[in-house]
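Across the two complexes that follow, chain A remains constant while its partner is chain B and subsequently chain C.
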Partner chain A sequence: MNKDVRQQKIDVRYAIAELLSNEKTSKIATPILSILLTLITTAILLLILGSNPITAILGFLRAGGFIPKPSYASNNNMFTDFLLFLGIMAPMLFASLGFIISHKAGLFNIGISGEMLISGFIATLLVGYSDLGPWLAKPLVLLIGMVVGGIVGAITGFLKYKFNIHEVITSIMFNYIINYVTGFFINSYYTNPFTRSSMPASAASRLTITGLKLNGINISIPLSIFIAIAVAFLVNFLLERTVVGLEIKATGLNQDCARYAGINVSKNIIKAMTLSGVLAGLAGVSYYLGYYNTIVPKKLPDIGYDSIAVSILGNSSPLGAIFASALVTIFQNGSTYVSSSTGIAKEVASLITGLLLLFSACNTYIKYRAGKYVREYLDLKNAAVVKTQAASEGGQNINGFGVH
Partner chain B sequence: MDLVFIDGLSFALILLIMAVAAIYSEKSGVVNLAIEGLQGFGAFIGALTAILITHYTNDSSSSWIMYVALLAAMVGGMVYSMLHAVLCVKFQSNQVISGVVINILSVALTGFLTSVINQAITGQASNKFMVGVSPRFDVPYLKDIPVIGALFKSMYPFEIIILVIVFIAWYVLYKTSFGMHLRACGENPHAVDAAGGNVNKTRFIAVMVSGALSGLGGMCVAYSISAQFSPTIYMGYGYLAIAAMIFGNWRIIPTTLACFFFGFARSGGYKLCLVLGLSSNVSELLMMLPYVLTLLLLVFFSKNTHAPAAGGQPFDKGRR
Partner chain C sequence: MLGKMDQYIVEMLNITKRFPGVVANDNVTLRIKQGEIFALLGENGAGKSTLMSLLFGLYEPDAGEIIVKGKKVHLSSAKDASKLGIGMVHQHFKLVPDYTIAENIILGDEPKRKLLGLIPYVDIKKANKEIEELSKFYKLEVDPTKLIKDVNVSVQQRVEILKMLYREADILIFDEPTAILTPQEIERLLETMRELRAKGKTIILITHKLEEIKKVADRCAILFQGKLVGVYDVATTSTQKMANLMVGREVVFAQKKEKDNFGEKVLEVKDLSVLNADKFEVVKNVSFSIRGGEIFAIAGVAGNGQVEIADAIAGLIKINKGKVFLKGKDITDYPIRDRLLEGISYIPEDRQKTGVILDFPLYFNLAIKNYFQKPFSEKGVLNQTVIKQFAQKLISKYDIRCGQAEMTLLRSMSGGNQQKAIVAREIEQNSALLIFVQPTRGLDIGAIENIHRRILEEREKGKAILLISLELDEIMKLADTIGVIYNGELLKIAPAKDFTINEVGQFMMGVKGA
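This part shows the complex of A and B:
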């Protein structure tokens, strides 16, 4: 009986290891494991601090409009919250798609925050403060965001290829420079004396349509989320089905090999960083001219860093990023509500994101260990089968010998 | 004019200790972009120690608290850096990713813990630990030298500590067999392995040294430039230190010169703002000068640098 339980345990362990190491299932199983580990760690931490982790999780879901809150402000309901959630998820998705493209080329675009800020700022300046109509303003905002982000990305890629400067250093420097430059201009020329952030952009230029009513309920329609999901499929197509994607991926996997195969590595480095910047620019305009309509000076958006967690959690797959960005946004979006309703420090959201990133970074190792376990298990099993076969054959021989 | 030297020297030395931290890790073959996170975490532990001692002894004036805090920061940075070491050496993860993970987690973890601990100790939600500015002292006789005498005026005690540690670090790295092993691990780990050395152990130790030195650097920032521990400690000085290391071609003495250049450029820039009487907005804009300078210098110096040959690659015995 005891032996059966032990055997069962080993079988379960084998099944889990198989799920984690198998090429097909590991893409889904390892992120789920990362999420579970994160939730367990956070729960333990919250329990130590004397808070109830279940209420915290429910709070995050309530804030995102997935389950109803106990009470709502007048004319708001769950749907209002959910649309707001989609509005903030859009820049997160754009940003992580941007990170994925650079990551596929073996590059690390940590400058997404800066690219978001500068593209949001310039789009606000050129379109947000103009009196263009919505049909002209909205596409123009998207275009400016893409161009500005793309230029910054291209410079980073150029410096990498021409002067061999590590892209992480370049993009961090750009982050600080952009932060100070935009802060200077907003503080000097475009500041709103009451809120101390920049003056609000026109409603026509915003990518989120606000102030609508549905059956008396306040709603806002985030156009950006539809674009973002479409772009996710587009990026997936680009990476999986086109020559451009193949070249970028080959550059990322092995530069020497790619060069040998006739791929222009330096061109692809610049290409990947530019595309990454373009997507970061889209993230910027959907953040500063969508979810918000002002820019807080001298503050880089956290989304640029959170997107790294999203991409790595989603196994650098554009479609995986849709789910991963939804998950990370649930935590980031809900932090204020959770902290006001349960008293847990607001920073818990960043902590969860950080832990997600940490456990996702261990993915390769987890997969490797699981694979090793599976191999050892199968070896043992085969050995046992051989042994029993040998034993039974041996028994027959003895029998046969007895007959003789 | 004196102020340019005084501030420049203290900033240069803070950068230097972080740059030496980066050199130790990178020379052993582990790319360390985590300096920023390590210094922040070290400063967090140091500031927490200082706050707790002050809270329980009601004694905020004694100078020994500062030395305990500096030591605690080193221990904190070292312990936290073990995470980077485990990820890079044991788990063989991508070292750049690991570095960024360490940085992001550090910002999140210290931010969260600071508000939780402040809530517990003082009952107020605040994301700051006030530690104050370290006392200063003058070096007798040397301070009377014209012009460069300013370098020896109103020094922070930690500047002396940093100088001593950097000298020891230089000695260990270039004059001892351990340092030789460490550098060999970054250039040709298989040779070290064949000679009977333990590559992974050496790299692990190197990353821990890196963590301890970064932690010290972070606490020095908390005791001088920011006078507190708060999220503003993540000002990017860790990255500037890495840039200084690249100018210095991964060697300690040229890196020292690069750090001095950064330090005096920064304090000189501030002085210039004051002299020209610029508005606060414009002087804020000049805060970006070190970063612009870094980029420009990298453009000129990056091409001829020699990074450790095995940097960024996890050690795999089976691969030759």
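This part shows the complex of A and C:
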């Protein structure tokens, strides 16, 4: 009996290892394992701090509108929360798509935060403070976001191509410049004296339609999330199925070979940085002119940095980024609610994001270990089959494997 | 020395090692005697390097056992191997370019002293002295204070050997040590090996060059597709027999070359001058032309500007002065892609760095020169079916061996098959001009034979071929016309039949008017 149980355990372990190492399934299985490891580690840390990890997780899910909260403000319910969650997930998704494109070209765009801020700022000035109607204002906001983000990205790429200035340096500098220049203008000309942030943009220009009622419940419709998901599929198509994508990836993996094959490497560096900026711009407008309608001066959005974790968690795949950004947003979005309702520090959200990044970065290693386990298991199994004359001996061999 | 010959210093018994999709070593048993030069012979992918990596602790065997100096050992890292006195010179050196020779040698095992009895520091003076003595003793002269980046590859290799000797290794593994050396340097290395043997070291030599084995080795083990064919006494086994056993079939050393039938001028290079990154003129006023059906070979010692000529024609480096004409058209100022489309195929010197993208699957690598054209893509969208079918066609036509067909990552293929893939791709471009730079470097006999046959086939199809090689034998065998380069200048251009191998060798050394 005992033997059977042990055998079953080994079979389960083998099945998991197979899932983790197999080319097809590992892309999904390893991120899931990273998530589980993150949750377990967080739980242990919370227990040490004397908090209940279950309450914390439930709190995050409640804040995101996945499960009902114990009580709601008047005319709000779970659906209200869920739509808000989608509204803040959209910029996260856009930003991580932007990071993925630069990453595929072998570039590291750490300037997403700055690109978000400047495109949000300029779109607010040009459209948010105008009296254009929604049918004109919303497309214009998207367009301005793309153009402004794209220009900043293109400059970063151009400086790399022309003067060989590393894109990380340029984008960090841009982050500072954009942060303080926009901060100066907001504080000097556009500040709202009560909130100390910029004056609100018009409802017509926002990518989230607010103030709606459904059966008497307050709802807001984040148009940005629909666009973001569509763009994720578009980026995936671009990278996997098109000439442009192939050239960007070839440039990222081996510049020497790309050049040898006749690909214009400089053009592709600029192209990738521009596209990355365009997507960061979309993240910016869906953040400052969607989820919010105002800009806090001298503060870069955290999303620009969190998007790096999201991209890695999603295996640098645009479709993976949809799930990864949903997950990271659950934690980032829920931190305030969790801290106010349970007393667990807000910083737990950032802790979880950090752990996710850490474990995701171990994906290749996990896959390698699992692959090794599978091979060893199969070897022993083969050895056992060979020893047909003593079946029981073979069985012992396999059983002994767990200790190996 | 002879008394010890019967003792086995290394025994590898029934070793099996698997990688996804391949059995790299299948039940291999080797017994190596103390103080002998033991050669390991086999084609690329035959499992030689894997077997030695097992002995060096880089991998662990799936089955079998390793006995070193009479004791069963379990090697799980290079450190373990090092403790047992096993050292390895890898094909690609592992040296820090900005450190001196002495610093590289002592790295990880530094002689230390304490300043004022307290603060530890590395006693570099002592190291320099020790290394000088060591290098004299083994006749491996180096200047310990020179920086690695300032010395050439053969000196770097000596540093790698000294690194092992400094750690008192007595089992020395050499992985394809001659692949990067010139003929003179090879002679010198073989002499070093004999010297080391005389001093009682055991040497394991991984190679596929039969002449070298003939020259230095005592015994040789032949591997074929992961299995041990046998262990032979080098003195009593003919080169032809070794070659056949290694390739698993009859090898044709001399290939038939059709009579020449030259067509029109395809490539013309006029007064070409090229500067390197330091603005130094590495190609000086080079002029030559190649006709259809002609193999024009540039012979020369490495680093005399021959690779720059190829790069300049293909557009990879800027032309300083002079003109390049292809089929009568001036392509001097064309961007790279336009040149390729005009009819240039290029097999580059460094296949892994330039020729392929290691992390792309085979089918993308095979299509990297065509993906933007119809029918590979239309309106910017790739046609995966066409690209994959093209890859399948090339895989079978050129006998490219790969574990997972067209989906195989280039990284997981052997060097010979990577080269076959590049050659397949470039020949399929059907260009008027084919440039081959060191096409058989580091390849085994089977693969060399295959690539030589392809080059001759292209010649018969009337293609103009520029062959740049460091192997004189290869040049003498294939070329119709030979140009000898020395210090960036083409010293002499003449039909191959007017040259003897010695004359070419003299021009290569810069002796004018020989």
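In the analysis below, the second predicted complex is superposed on the first by the 362 of 404 C-alpha atoms of A that agree within 3 Å, B and C clash if a C-alpha of one lies under 4 Å from a C-alpha of the other, contacts with A are read in each partner's own complex, and residues count from 1 in each chain.
By our rule, contacts are C-beta pairs under 8 Å (C-beta built on N, C-alpha and C of every residue); 3 or more make two chains touch, one makes a residue touch a chain.
Everything numeric here is computed off the predicted structure, so don't read it as measured data.
Is A:196 touching anything from chain B or chain C once the two structures are fitted on A? First, second, both or neither.
neither
Quick one: is A:250 in contact with chain B, with chain C, with both, or with neither? Answer first, second, both or neither.
The second partner, chain C, only.
Based on the superposed arrangement, let me know which partner A:169 touches: chain B (first), chain C (second), both, or neither?
After superposition on chain A, A:169 lies in contact with chain B alone.
Could you say whether A:242 touches chain B, chain C, both of them, or neither, answering first, second, both or neither?
second
State whether chain B or chain C is in contact with more residues of chain A in the superposed arrangement.
Between chain B and chain C, B touches the greater number of residues in chain A.
Looking at the complex, which residues from chain A come into contact with chain C?
My answer: residues 241-244, 246, 249-250, 253-254, 256-264, 371, 375-376, 379.
For the complex, give me every residue of chain B touching chain A.
So the residues of chain B touching chain A come out as 33, 83, 87, 90-94, 96-98, 100-101, 104-105, 107-109, 111-112, 115-116, 119, 125, 127, 236, 239, 242-243, 246, 281-282, 284-285, 287-288, 291-292, 294-295, 298-299, 302-303, 305.
Inside the complex, what are the residues of chain C that reach chain A?
18, 20, 62-63, 314, 316, 335-337, 340-341, 346, 348, 350, 353-360, 364, 368-369, 371-372, 377, 380-382, 384
Mind pulling up the chain A residues that touch chain B in the complex?
Contact set of chain A toward chain B: 49, 108, 110, 159, 163-166, 168-170, 172-174, 176-177, 179-181, 183-184, 187-188, 298, 305, 308-309, 312, 345-348, 350-351, 353-355, 357-358, 361-362, 364-365.
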